[in-house]
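You will see two complexes here that share chain A, one where it goes with chain B and one where it goes with chain C.
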Partner chain A sequence: MRLTRRDFVKYTGFGAASLLGMSFLGCMTKETTKDTLIIGYAEDLKLRGDPAKIDRSIPKFCVLERLIEYDLSSDDFVPSLAKKWDVESGGKRIVFELKKGILFSDGAEMDANAVKFTYDILVVRKHSVAPRSVEVIDDHTVAFNFDEAWVLNFAKLQDVHGLGVMSPKSVKPEGDPNGTLVDLIGTGPFKVVEYVENQYTVLEPNRYWFEQTGLEPKIKKLIVKVIPDEDTRVLALRSGEVDVLIDNYHGGYDYTPRNQLSALKKDGFKILTKNIPYTWIVVFNYRKEPFNDIEMRRAVNYAINRDEIAKIFDGWVRPAWNGMFPPEVPGMAEANIRYEYNPEKAKEIVNGKDVGEITLIVNKSQSDQILVAQLVQQQLKNVGLNIKLETLEKGVYKQKRNSGDYNLRIYYIGGSERTFYMRIFWRFLPPEKPWKVYMSDNVTEKAIAVVKEFDKTKRRQKFIEFYKALYEEAGVAPLYYEVVAVAEKPNVEGIKFEYSEPRFYSTYVKA
Partner chain B sequence: MFKVIEIFRGIEIPKNNLCRIGLSVVLFIILLGSFAPLIAKDPYETNMAKRLESPSSEHFFGADQLGRDLFSRVIYGARTSLIVAITISAFSMGIGCLIGAVSGYFGGIIDDVIGRIIDVFLSIPEIVVNIALVGVFCTIYGSSTWNVILAVVFTNWVSYARITRGIVLSLKEREFIFCSKAIGAKSSWILFKHIIPNALGPIIVLATLNVGNIILTIASLGFLGLGIQPPTPEWGQLLNSGKNYIATAPWITFFPGLFIALSVFGFNLLGEGLRDILERRRIYE
Partner chain C sequence: MLRYIARRALQIIPTILGISIISFSLLYIFPGDPAEFIVEARYGVEPTQEMVEKIRIEMGLDKPFVVQYFNWLSKAVRGDFGISWTEDKTVMEVILERLPISAELFFATFAISVVFALILGVISAVHKDKAIDHICRIYSLLGISIPSFWLGLILIWIFSVQLHLLPAFGCCELKHLILPVLTWCFSFMAIKTRFVRASLLEELSKNYVITARAKGLPEKLVVFRHALRNALIPIITYFSLSLHHLIVGSIMVEVVFSWPGLGSLLVESVFKRDFPVVQALVFLSGVLLITMNLVVDLLYAVIDPRIRYGD
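So, the complex of A and B:
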């Protein structure tokens, strides 16, 4: 068959139009969503080596799940991998019945042996949230034994410092609680497919989790990039290198600076926040002068204008006028505490005393806290206290904190919801440790009463007594109530908070 | 003003206008720093009601994120930067001149060893060493102005040593040195009484030029959060604190940046001018 010029033009024109049409269609379908979400995060996820040391955020709420969770709004421990439980021996023994048919991301069933293996990792290391022992009763029943009969035992099982249930195949030798972590395998919505230490981790949806929940994954890959410096993380978001910034929600030192949230929002980024039971405070070195004097501690509390401190962050945080924790924390609103801003009263107290130079130490890795410390320094100066501000490297800060070589320091109490109870234990209960913030016979006794009490109603009353005792002794000077924050590009959708953690199982990125 | 300086110092101010501008700028900054308590407010006083306020008749340079008067912080920052820069320059000059003079005067193996040490220092970028050293000092001893001084002096003496060595190599062949030796003068006497004083001209030029560089180094360290720590006002640290507000409150970065640029510009022009004077003298001699 001879091809005429007219045919040639006709066929090539048709072919070109078809190609163009297909490419348009291709673009339209392909560009509706991107299949990868890149998260900027301060810490390496620590997915090799000691399994007890995996990072406290993404591996624990994306890859692993726990037996129970804690719901702050109702002050209840609620089921997760455990279906139900019985408290025995007055609270020293808790027997959990596990849900059936839960699969690890490698397809193996999650059972009592996996639970025992996981918690034995903590037991052999004498970890602070470890039970005394774990017993397998049958494939789906497991018992935890504790030394003390207190409600804190529940808190330990879901605390971020502990572990979620992992497959015994996660370590080598397989099933050895002393083994080395080689491949973290959990039951959560994502599984780890690649890990490069201190650089990045690639996660993919765990199809068994999605089948179980009836949800559809909207992204194919979740990449967690390690960017330790806070300013560099913000620049990575601005430049498009990452889609989302999340806090190291454990608290402490690595989060998106609150003083940059407004600027990010103004530039079109979305900021999601959730209130958490976490408060930045001034810690007194109450073992030595001048803050072994309750009057001096009160003077500091009178001198601090918490509204001004919250202003540094353009309203992203709340001033801590109402006690140690925000009002949504069990018993806090009922405690009816109100710190007073009264610089004149503070001056009266300070005037009669010769206190000399007072050292305020702050960790310089957080720009937020450096600003707060400068403002606190000035507010205290206004009432006649001569404050020397020392902005220190993280290591030097810890060294000074541990040796007690300071008068005041900026620190935090509380944390995410799941850490709420353990932080009360870690900050206010004996034994004496550098990270304790205040202990006295009265306050400590009341804090112990809180963490012992199983009955929710009675516990609420004990919380109130504890808060009031701490307030009356001016044990700490609360500054502001923190939030957990996510900063994301405008095209990221579907991140939601569960408890205090951002979850990504329904997240997608518009192209 | 220049006439007074000419009479007072007994030196000729070159007709070069750029040098005059340099001297004016340097004097202006020195005067601002010296009289800071008279012309500026308390640089530490916060006022959250004035947070991020733009420049006005009350706050010439605006206010920072804690409502502090930025003009006062920049002026007090001049004090900090100049005092630290001059201290570093003085220490570096002292150490560098001594090492360079010993190296050049005694020669032989001493010169070889010192020469190689100088080569090693010159082969490494100064700022990298400064950052590493300040980081180490901060980690061990905590933040202090002395960390910055020590770290910068550690690398800065080298240029003085190199220049001094070169001058001494030519000076030691001069007749007055032979005469001193002939009458039995000790080496230390010759070094301190004859050689170093005669080498001072070019060294002072170098020091003047160097102050500008040191101000930049201090500001760089401050910008990286390694230098002088808040609340002490220092230009680099002020720049750093303003970078998060560059879109909303650009004055926090603009004015410290302007003063850094001005001071470096002033010291460099002045140094160039002094070099011209020396050059003329040398040709005349």
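So, the complex of A and C:
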């Protein structure tokens, strides 16, 4: 058959039109995505040097996994790398059976030796969340020994101040707990492929994790860029240079400014928040006058309008009317606590007393807390308390706190979910330390009862008793419940919070 | 000349000692217990009394202040500022890692600022009280008055957020350099422009310039061959002295643009209470300033043969 010029034009035209149509249909049916997600974060991830000092966020929840996790909603410690465990010696010894077939991102198997190596890093440093010792029983069984028999032993193993299981090859000399971190190798969904100190870290999916979970990675690269200045971070998101901003939720710094979240949302950015068991409070110096008097502590609680305080943060945090922790915390809702805003009652209490000038101290490095302290100062002045606000540099704040040279101070209790239990210990349990927030025979006894109880049903009841005792003694004045926030471009999908932390394993970025 | 050099070199020793005392004292000037800072920086936990006491002995903080100071100084003069409390490296390693990054930003800013400050200063002086002089003077005033962090954020907003032309942060490619350099140049150049203008105007008012003009020399020759050459002596001195900005001169610019240089290091170290690094940066910055001062003094003779040193 002879192909005429007209046929040629006809067939090629038809072919081209078909191809165009198919590609158009392809576009319609399959969404195109970018293969890289860029995160803006305030701090360097510290992936070299002392392995105990790696950053508390991304390396710990993207690269490493722990033996167990803590689920706040059920108040359960749940298996992660550990399959199951036995509690021995009344709770001083926990023997974990590890899951088999879990691979580090370099292909080596995660075993009891790797677990021992990891926790020995904390043991040799006498870290605050370290066990006393770790023993390898066999390749997949490891025992942890602790000094005390309490539920905090579980909390320590998943606390953000500690570590997730890392390969002994992560350090040099290999397997030496005193060694230097050279290449963080974990079992988590991502592996570190490039790290430039103080600039950026490049992570890629850990194929073994995805094979194990049966999930498909939707991004090829996760890049974490270090942007210390909070305004620059927001501008970087607005300019499109980063896709996501995540908070460091540790303690009132290095987060996306709350007063910019609404503006970002208005401009089309997505804001994800997760409530965490973290509460900003006024701490009383209850060892000296005037706040050794329970009535005076109650007066402060009556005088504070928590709604007004929450408004400082543009509605992104919740006022702390329902006790020391938000209602989703174990036992908190059942405790049925409700702080009352009653300035008249506060005035009645204050009027009869000659308390003189009261010093309220606040740490200057937590800039939002300065605003909070100013409002607290004003509210307390309204009921007749003469408050001298001292905005102090971190070192001076600590010095005054340690020497007890204050009457009131702004501080926090709780933390992310995984820090919840340890902060009960760090804020309310003996031994007495300057950073403890309130201790009395009754409250301390009840706090100890909480952490000594391994049965979660009984523990819930003990939590309720602890919250009520603290409320009745007006041990602290809760102000607002903190959140952790993620600000992301509209084309980012699939970020979800697990245990207070944003996870990226099913995240993708629409092109 | 050699005697002069020796004398001047000896003269700077008391000044360096003064700087060293101030640098070392920072550890105690800052409120709080240094031993507690070390525990916090090293272990990342609230310090217990036991830990604090252990560190106090280990670090020699239990010794008298003078003993601690001389121990520190004897090492510092050999470039040993100890170990960083937060980085697990020697302080010099930490500084040397960041120095090239700062140097890149500084020398780019310095070179551009010098060239444009000379051009603007000369134009401003030559056209004194004319429109262009007023513009240059307003620029100088703005350059000195506008805070770098504010200008930096405005430039990011314009060039990154609105125009998508330049990156908002990062280092170390050419595109990353433009906005920080522009920001720093704005203030760096402003002061220098004023200085060039003032120096040149002073020379232009001198008798030899009037004589040159009376002789009928073209204005270009009067300005560039005679007045500017003489005005250059204080200008070079002033410009050279600004070299000490290399160490920590760009703090705000580095912080705003996430430029991981020595300025950022100083801020981080202050916040983390990494005092060995803070001490070293303050000390080295002071020493660099004094050294530049000495070098410039010695260079006077080269720049201006009329200057002699009494030998």
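Going forward, the second predicted complex is superposed on the first by the 469 of 511 C-alpha atoms of A that agree within 3 Å, B and C clash if a C-alpha of one lies under 4 Å from a C-alpha of the other, contacts with A are read in each partner's own complex, and residues count from 1 in each chain.
The definition used in the following text is that a contact is a pair of C-beta atoms (placed from the backbone, for glycine too) under 8 Å apart; a residue touches a chain by one contact, two chains touch by 3 or more.
Since we're looking at a predicted model, the values are computed, not measured.
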First (chain B), second (chain C), both or neither: which does A:E204 touch?
-> neither
Does chain A have more residues touched by chain B or by chain C?
-> C
Should A:E241 be classified as contacting the first partner (chain B), the second (chain C), both, or neither?
-> second
Scan A:K311 for contacts with chain B and chain C and give back first, second, both or neither.
-> first
Partner chain(s) touched by A:L389 [first = chain B, second = chain C, both, neither] | first
Between chain B (first) and chain C (second), which, if any, makes contact with A:I227: first, second, both or neither?
-> second
A:E348 contacts which: chain B (first), chain C (second), both, neither?
-> neither
Tell me which partner A:E109 touches in the superposition: chain B (first), chain C (second), both or neither.
-> neither
So, does A:Q374 touch the first partner chain B, the second partner chain C, both, or neither?
-> first
Residues on chain A in contact with chain B in one complex and with chain C in the other?
-> 231, 393, 395-396
Residues of chain A touching chain C in their complex?
-> 49-50, 52-53, 125-128, 161, 180, 197-200, 225-229, 231-232, 235-236, 238-241, 365, 393-396, 398-399, 426, 433, 435
Which residues of chain C touch chain A in the complex?
-> 30-33, 36-37, 43-46, 48, 51, 86-89, 97, 153, 156-157, 160-161, 164, 167-171, 255-258, 260, 264, 268, 271, 273
Chain A residues touching chain B - in the complex, by the definition given at the top = 231, 257, 259-260, 262-263, 266-267, 308, 311-312, 364, 367, 370-371, 374-375, 377-379, 381, 389-393, 395-396, 400
The answer for chain B against chain A in the complex is residues 44-46, 48, 51, 65-66, 138-143, 225, 229-231, 243-245, 247-248
